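All chains are identified by letter, namely A, B, C and D, in their written order; residue positions are counted from 1 within each chain.
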Amino acid sequence: MTTHRFEPTRYWNTIGSHAPALRVSDGDTIITRTIDAHGSDRHGRQVSDRPNPQTGPFYVDGAEPGDTLAVHLARLSPDRPDGFMRDRVAPNVVDPDFVATMPDSHLLIWDIDAAAGIATPREPFPTLGKLALPLDPMIGCFGVAPALGQAISTATSGPHGGNMDYRGFRAGATVYFPVAVEGALFFIGDGHAVQGDGEIVGTGIETSFEVEFTVRVLKGKRTGWPRGENATDIFTVGNARPLDQAVQHATTEMLRWLTTDYGLTFAEASVLLGQCVEYDLGNIYDPAYTMVCRLAKRWLPR
Amino acid sequence: MTTHRFEPTRYWNTIGSHAPALRVSDGDTIITRTIDAHGSDRHGRQVSDRPNPQTGPFYVDGAEPGDTLAVHLARLSPDRPDGFMRDRVAPNVVDPDFVATMPDSHLLIWDIDAAAGIATPREPFPTLGKLALPLDPMIGCFGVAPALGQAISTATSGPHGGNMDYRGFRAGATVYFPVAVEGALFFIGDGHAVQGDGEIVGTGIETSFEVEFTVRVLKGKRTGWPRGENATDIFTVGNARPLDQAVQHATTEMLRWLTTDYGLTFAEASVLLGQCVEYDLGNIYDPAYTMVCRLAKRWLPR
Amino acid sequence: MTTHRFEPTRYWNTIGSHAPALRVSDGDTIITRTIDAHGSDRHGRQVSDRPNPQTGPFYVDGAEPGDTLAVHLARLSPDRPDGFMRDRVAPNVVDPDFVATMPDSHLLIWDIDAAAGIATPREPFPTLGKLALPLDPMIGCFGVAPALGQAISTATSGPHGGNMDYRGFRAGATVYFPVAVEGALFFIGDGHAVQGDGEIVGTGIETSFEVEFTVRVLKGKRTGWPRGENATDIFTVGNARPLDQAVQHATTEMLRWLTTDYGLTFAEASVLLGQCVEYDLGNIYDPAYTMVCRLAKRWLPR
Amino acid sequence: MTTHRFEPTRYWNTIGSHAPALRVSDGDTIITRTIDAHGSDRHGRQVSDRPNPQTGPFYVDGAEPGDTLAVHLARLSPDRPDGFMRDRVAPNVVDPDFVATMPDSHLLIWDIDAAAGIATPREPFPTLGKLALPLDPMIGCFGVAPALGQAISTATSGPHGGNMDYRGFRAGATVYFPVAVEGALFFIGDGHAVQGDGEIVGTGIETSFEVEFTVRVLKGKRTGWPRGENATDIFTVGNARPLDQAVQHATTEMLRWLTTDYGLTFAEASVLLGQCVEYDLGNIYDPAYTMVCRLAKRWLPR
């Protein structure tokens, strides 16, 4: 098990079968940096185009189509003292006849105090003043190269992952992606210091990160859509429009997981989900929306 | 302020301008009973047709179109020792090509131990055995008579409320409905002893309740969609298909609330929601789906 | 077979189990009048509230739940020399971020020349001038009382019919509605002198009509969603949101029709639809949208 | 103006910035061949993987981002005597609770008689027998390389075109694509000898084609979504899920076209569409669905 320190020099606006930036082994840990959604690094220098430029790809030895790549997010650390956000909810999350009543949108700068663990707006708000939001760093966009030679825009998402903007992708989570190409080719970027459900203003507090994660190859393990777990829950991720279809993908994937890996009958899996499931909203801003199907581990059989 | 004890003798499968069952005053408390979704009362006798038969309507003196009716749910007590559920997720919440792989659905009986605060299946499951679920009683369907003389099926929902199946409608919550007719005409029914998000098996653990609630008329207060609050959060409820539209209704209503009642600018409301909002999934089984837009009170200006 | 001339004196804004306006026999013909969507009659007098006030209901002797009511539209004649329309597409049919660029909406008056068979705008347009549109009268909203005592707003639609705004509901069409209450209780209104697909400006050219139609009871004939036919085609109607679900309802109903009444195997019905089906867009403005699944009669077995 | 005869030797399952197969000039005509959706050529030999392998890309000199590529489909000739189709409607186009009642799906072979202009099933159907369908050849999947280095699966569609399965893409049509990369990089494939609206069985009658088309570069002409025209109509194409969003894309594009190129005010464009628009359903089978907004040329100002 090696720990790699990798300093990226180029970034990608698609997730696809690009030339590997680094080759690592099953079980290795990578410490690297991500730049913000608009392409600025920790010095505030624009070093890439939009949207959501990705660090990577990381080629993981031994990963082959039909396997699953497990990525454990060990640490997500904002690495510069500021970030930005949009200050108006997106037209697609309000009633159509309400859109014309909304004011224009602006970029707001926030100061990020990593030591204190809070973000505050550079300019105080008229009523909310210097609103102090607790940092809760998360990854907006990551995933593995898709099949068929596709190169998918980092503005959207799919079975390969992508721009899911789910706040559950925070340090401590392990995420499982379906491997579609040799080496898996893992990409990561688009850190948010803070974000509400849905990314409904089109941004979180966008900034650059230092990230540390460990990759493992689960040989012969088939996954249809991204899965994840943390200390208390397991979850599955569906990416599609409308949200109804994202729910269908995530729920189907969870049913497969519960009946295949946990030995539940279909009725048992249905009962557990029927009475105990929770759904979380990821991105509802971009071309594909994200819904997460989540179940507390306390309900799972040992 | 009077406390009324009301024993229902008939029930309604639509929410509409039906003859009042009881006339009460602004601020009064009502203690009454609801029967289960299939029409059985606390003795297990079927006393009404499906779906979701409602107790009421309660005519609240002084309520007029353009007002808001506040209903505080003080107590929701399952009042019989059993309930039922479906044991298969509904076809509309899984991928279309997965539907044909699912087994048939059955009704399962659960024992409800109100003293111990748990529900257990009458027949143990093969793997999960006598799975003990903590009771978390909630109201599946309630609301006020809609405008224009409509009588809306209790299988669906709308601006008037209806079959929303949101687990946040538990004791301690206060819910705000837009009054569309004189007296508001409030209906309540469809108690669930336990339910996961979405009611994805088509039921919670369905049973009869004794309920206690207090009604207040907010004169001249306009509401577009149901709103609510509890000790920690405020929330708004959108009912529609697809979920995307339910999100639009709920988010628009929350923006109106924050800018009108809390004095926030549109940008401030957007920032708070953008970074702090949470969305909950109510019903995703019936003709209209439900999404809830929720914000912690800690973020609101005093 | 009697022909009734019925002059309405009151109108309904819901389709429900209201007191019959006229009782007729199976096979009878009714000649009556409808008023426009805003409630104005052939003299331009406002005699009812919005939306889409209905003439009726007509109680058809012998119709019972489980039967089908066939309504043959023999004649739809605009009966006043003017109508109105909105001059801006609705916010829900354009991209959300395009909405704010649209100008305000206005009502435009059109002159209807029934003899010449054209409608022209009262005020000429700057570029299109006195655009002359051929009249193609159709019924926007009609249907039968739904089950369970529901009274459904004439702004929306469902299995009972309602506000479908399908231009195929013109003279010569026969429409089949599922009977849910004794006497069927048929309603009709909301005539459009002209209308494009979707009613995307929220109106056709709205006016009052003299209408002539014949009702027949198909005993024991079960229908799930409205069906129809004309000289060349058969069609089924799905009402829901999103359009995807309306397509599902209409296609399922067509498959049932082809396999039950025309003796096709499921594969044959699939092949015919797969290679020959046409879909038409009805209303995409109101709470429920409408999609029509249509098949040319030339493909049906004799 | 040169006419190129191009014999493809490799095919693509994504539309992206692949190495040009042939370089042509503005105004040139290309005669080439396409293979069927499963990768078989005119000899029935499988020469490519699924799905929808594309011939090309054709680099058009002078085409740059911000231009529009016009492709005139001059001739689409099935070039082998058979094709295939699926014999069951797809699960996503019927009601979810109807899916489990459907039989399994099979591939059916059809004989294609180009001289007679008909297709007939190799095995007669029990009721429909040797159903003879008139050939109406169309292109299922074509388009230009998208921006940002994306390589988009030929199973889906977007602003660049792709798998739209619109029967209006027949000989005589001219289609306009937004150029996103130098040379435009045009791809074409997935011919259907016959197809109903929606491609609801997941196929048309799939076969190989000889195709002849002419390309032109419209310098500085901006297009947001594919546009097209034929002898009688102009149309715009929206690709998305749900269909509601596809309608929004297509309608917005049409409004831009009418107001920018035809000099109509927004109100005039709204009036024309409101009273005269027709919507056609393209693909409702694949990840993105297609709706077409169509207007007869007779309504356009000269």
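As a working rule, contacts are C-beta pairs under 8 Å (C-beta built on N, C-alpha and C of every residue); 3 or more make two chains touch, one makes a residue touch a chain.
Quantities reported herein were computed from a predicted structural model and do not represent experimental measurements.
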item	value
Any chain that touches chain D and chain A	B, C
Maximum centroid distance from chain B, chain identifier (CA atoms)	D
Of B-C and C-D, pair with higher C-beta contact tally	C-D
Shared interface numbering between chain C and chain A [over half = same, under half = different]	same
Centre-to-centre distance between chain C and chain B (centres being mean Cα positions), rounded to whole Å	34
Cα-centroid distance, chain A relative to chain C, in whole angstrom	47
Chain D: positions in contact with at least two other chains	92, 96, 102, 241-242
Complex contacts: residues of chain B adjacent to chain A	85-89, 92-96, 98, 102-103, 106, 108, 121, 125-128, 131, 133, 194-201, 203-205, 241-244, 247-249, 251-252, 255, 262-268, 270-281, 284, 289, 299, 301
Of all residues in chain A, those that touch chain D in their complex	13-14, 16, 148-153, 240-242, 245, 287
Chain B residues touching chain D - in the complex, by the definition given at the top	90-92, 96-97, 99-100, 102, 242
